[in-house]
């Protein structure tokens, strides 16, 4: 690993991010990444965060049209309430703050505590839980579906709504609508290695793949012998469609897990488009790249979001962040 | 063998927490190993970071009341750990501490009662039930046994942690594994057992 | 690997790229990626290309302010003259075409042949060779320094000059100036695996690293036991500075080889900035990310380019490509 | 043993090229293996792709003149291979073909002369000298020996290829290895030897 010691990985990365992105205010000590122009007068603010190791999520999505602030935790570990409260205080213009929370026990508990503390400080807080991963089927007997690729859709679209001046309840409702209409499935071709552990977090013999993997290398539905890009696309798209049963059109995210070359990811995207066409699904917008990663895991995930005119307009609205940029 | 101590003062609680911190530091790799089997391989690092902060906070504080010391430790865990275990262990110690109030000394029975309130708060926060393969499966039997003796609590926690092996997880990350979570000891239950081992050690009992 | 069969990897990727980027015209059969609005009247055009496996280079740098077209070869294999001639014909407005060629025997020979053929067809062609890799020291007895990270600087800055309406000789001179003032050094923490071979292209035991690696996994100056991010930054920056001896200010590219998590790359960037500050080097512009990759190789490279006011202005000029975008 | 053939017609050249194509296909993994030791692990795939295109082009062409057939093959290699070897082998065959002109039959001596022109063009294009550890180290001795016999050319090419093992590369990717290129056989010299083995085979010589 290209690190100094595991203990300083997140702080080192934040220093490096600060030096690369003068348009962000990076508080390395307190681990909060904020838009330099925050708080933006009369606008609802969006705060997200989660364990590190998924970059560019979330810090790379801070900027006009998307997040107001992000709180990076230790690698694969939810951030702590102090960070979230600090972030909320830094970005609140008085119009309130939406917490975008991926559905993991740690994230949920810490953001819940933070919401209480922030409200004690007079900040109006709403929360939206992202839980799009169809690999977790039996959500009654689990911590529920995990938050993965749809987080990008929620942050982008709700960010655009906030940017357009929508009030907190409206931004929250839109975020919720995006999440409810999004589903993902991820596939790992190799495990990832966390700095703290220094060896792969799970055993995945080469020549096998894990279908339905989570973004921390959590196991999925099943392990199989290696499949072709075509077969993986069939499996992933069908798993998502079966759960979502979307009306047309949809947004599509073909996301790399970190170590899959862009060359392979584009090829996989071609296969995903093929299945979608075969299933008569109309794609209104698409993103291919490494956006919600799992350190050095090889693999990819597919996220679909059923949209309407309003959501598509918000998706297309300008955004300017280190990780996602268009229209400005 | 019966407990060495029955009146627990601030020194005792400091001893407990620093003993727990050493145990967590020593066993961090094992905790992470367990968490890598059914979680995300960070439980050891999480608690090590948290308890290091607890030790530092204790050194920097002149609090002597048991309740204040536990609440201080709980706040540190909440502020420093993150993940699932940070808020849960933080809530455990904070609620226990608050329940003890500002008495300068407490009895083992009072501690047991306060810990029960702490464990209830953990159950409420995390929404887990006994048998869900979480820290509760060590915490609940330990607290049940504490009125008997520190050693009994320690042994109950150990047994509870071991008894998570055949269980299927229903909460936390391990739940995503479904049946594949069976056959592995829960990392959180294991660290809970460490806390009760440290408690017995702090009380001077056999370890 | 996330592929179908090795033989279709490049074609599959091009289909996926076409579906992701409607702003590009992707000729999958003939392997040419062209700006949709080409030829742009009265502007010099830039054509580059090389083996695939370095994405987003070059195809991801096609667009306003950068390349007019790119020719992707097979993985790690130079494209063929037919592609380059076709690309040149598609983008030439009559003002001529600059070929940006990384200095590898294959690329040089194929672009040379293409230049002759294109000139036969009445297209005015100039060439610039990129050779920035300081790992190759003894260039008298080798094929010469390899072209690596500086390619991005050359394509961006010469692209901006072309965009501003400079004539071919001027665009060529600027490209040459950028190359002459740029140096790079790369470090591999793991080898990469090509689809055709299916196993790592070279042996790199875990716990060792290759200092001065090329972007196809070509070996470097030496192999050492694993170093910290800090030590690697010291080594890489000093190797570059020793060869370049730049005047202030410089542009900095901290480039990921493909499988190094962005989290680690940002941390490495912090160390690179530290050494540069210690050496009194002033950084006027910086880019951190996966830009000139080597499939799934873990590692990073550092490129410095000594600039002046003109080059900095061209660097800062707007660019809109899949892989690099700002100002528009 | 002397050569079976001394008058070489279009059929002979078609046989040479398709035999070469099969040999390249059969030995592609070995060529890639050699290229992975001191290059970028694609030489086998490169030539397999190129010679498959050559075979297809020959099938689709009714050319019969040796020169035309070689030039056609050379153009295919240039259009389909890429890398260093595409232009080099393409130039070899194209120049050889052009030198042969449009005669319907050529002698072995004429072929040797034309190949020498082809090899010179390769040397000029790539700028390599004998001993630089490139395909030239097999091509030059083979062409030198061809006036004697096809088998002599084949053996000289084999020997030339093997003799690249102790050399330090000064051209192509392998040159980046410096001294570390010593001890490995050059992939391009190896594929050149395959071409001359195919030539001897096409001539009906012992293989």
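By letter and in written order, the chains are A, B, C and D; residue numbering begins at 1 in each of them.
One rule holds for everything that comes next: contacts are C-beta pairs under 8 Å (C-beta built on N, C-alpha and C of every residue); 3 or more make two chains touch, one makes a residue touch a chain.
Please read all numbers here as calculations on a predicted model, not as lab measurements.
Which chains are shared contacts of chain A and chain D?
Chains touching both chain A and chain D: C.
Could you tell me the distance, in whole angstrom, between the mean C-alpha positions of chain B and chain C?
54
Would you kindly tell me how far, in whole Å, the mean C-alpha position of chain D lies from that of chain C?
The separation of the two C-alpha centroids amounts to 32 Å.
Just curious, how far off is chain C from chain A if you go by their C-alpha centres, in Å?
Computed value for the inter-centroid distance: 29 Å.
List the centre-to-centre spacing of chain B and chain D in whole Å, with centres computed as mean CA coordinates.
Here chain B and chain D have centroids separated by 74 Å.
When you check chain A against every other chain, which residues touch at least two of them?
Residues 75 of chain A each touch two or more of the other chains.
What are the residue numbers in chain B that touch two or more other chains?
Residues: none.
Taking the touch definition from the header, please name the shape of the chain graph: line, ring, star, complete or other.
line
Determine which chains touch and list them pairwise.
Touching chain pairs, listed by label, come out as A-B, A-C, C-D.
What residues of chain C sit close enough to touch chain A in their complex?
1-5, 8-10, 12-17, 19-20, 52-53, 55-56, 60, 75, 189, 228-230, 232, 254, 258-271, 273, 286-288, 290, 293, 295-296, 298-300, 325-326
Residues of chain B touching chain A in their complex?
Against chain A, the touching part of chain B is residues 32, 36, 39-42, 44-46, 49, 78-88, 125-126, 170-173, 175-178, 180.
Show which residues of chain A lie in contact with chain B when the two form their complex.
Per the touch definition, chain A meets chain B at residues 6, 51, 73-82, 104-106, 109-110, 112-113, 135-136, 138, 141-143, 146, 194, 196-197, 201-202, 214, 216-219.
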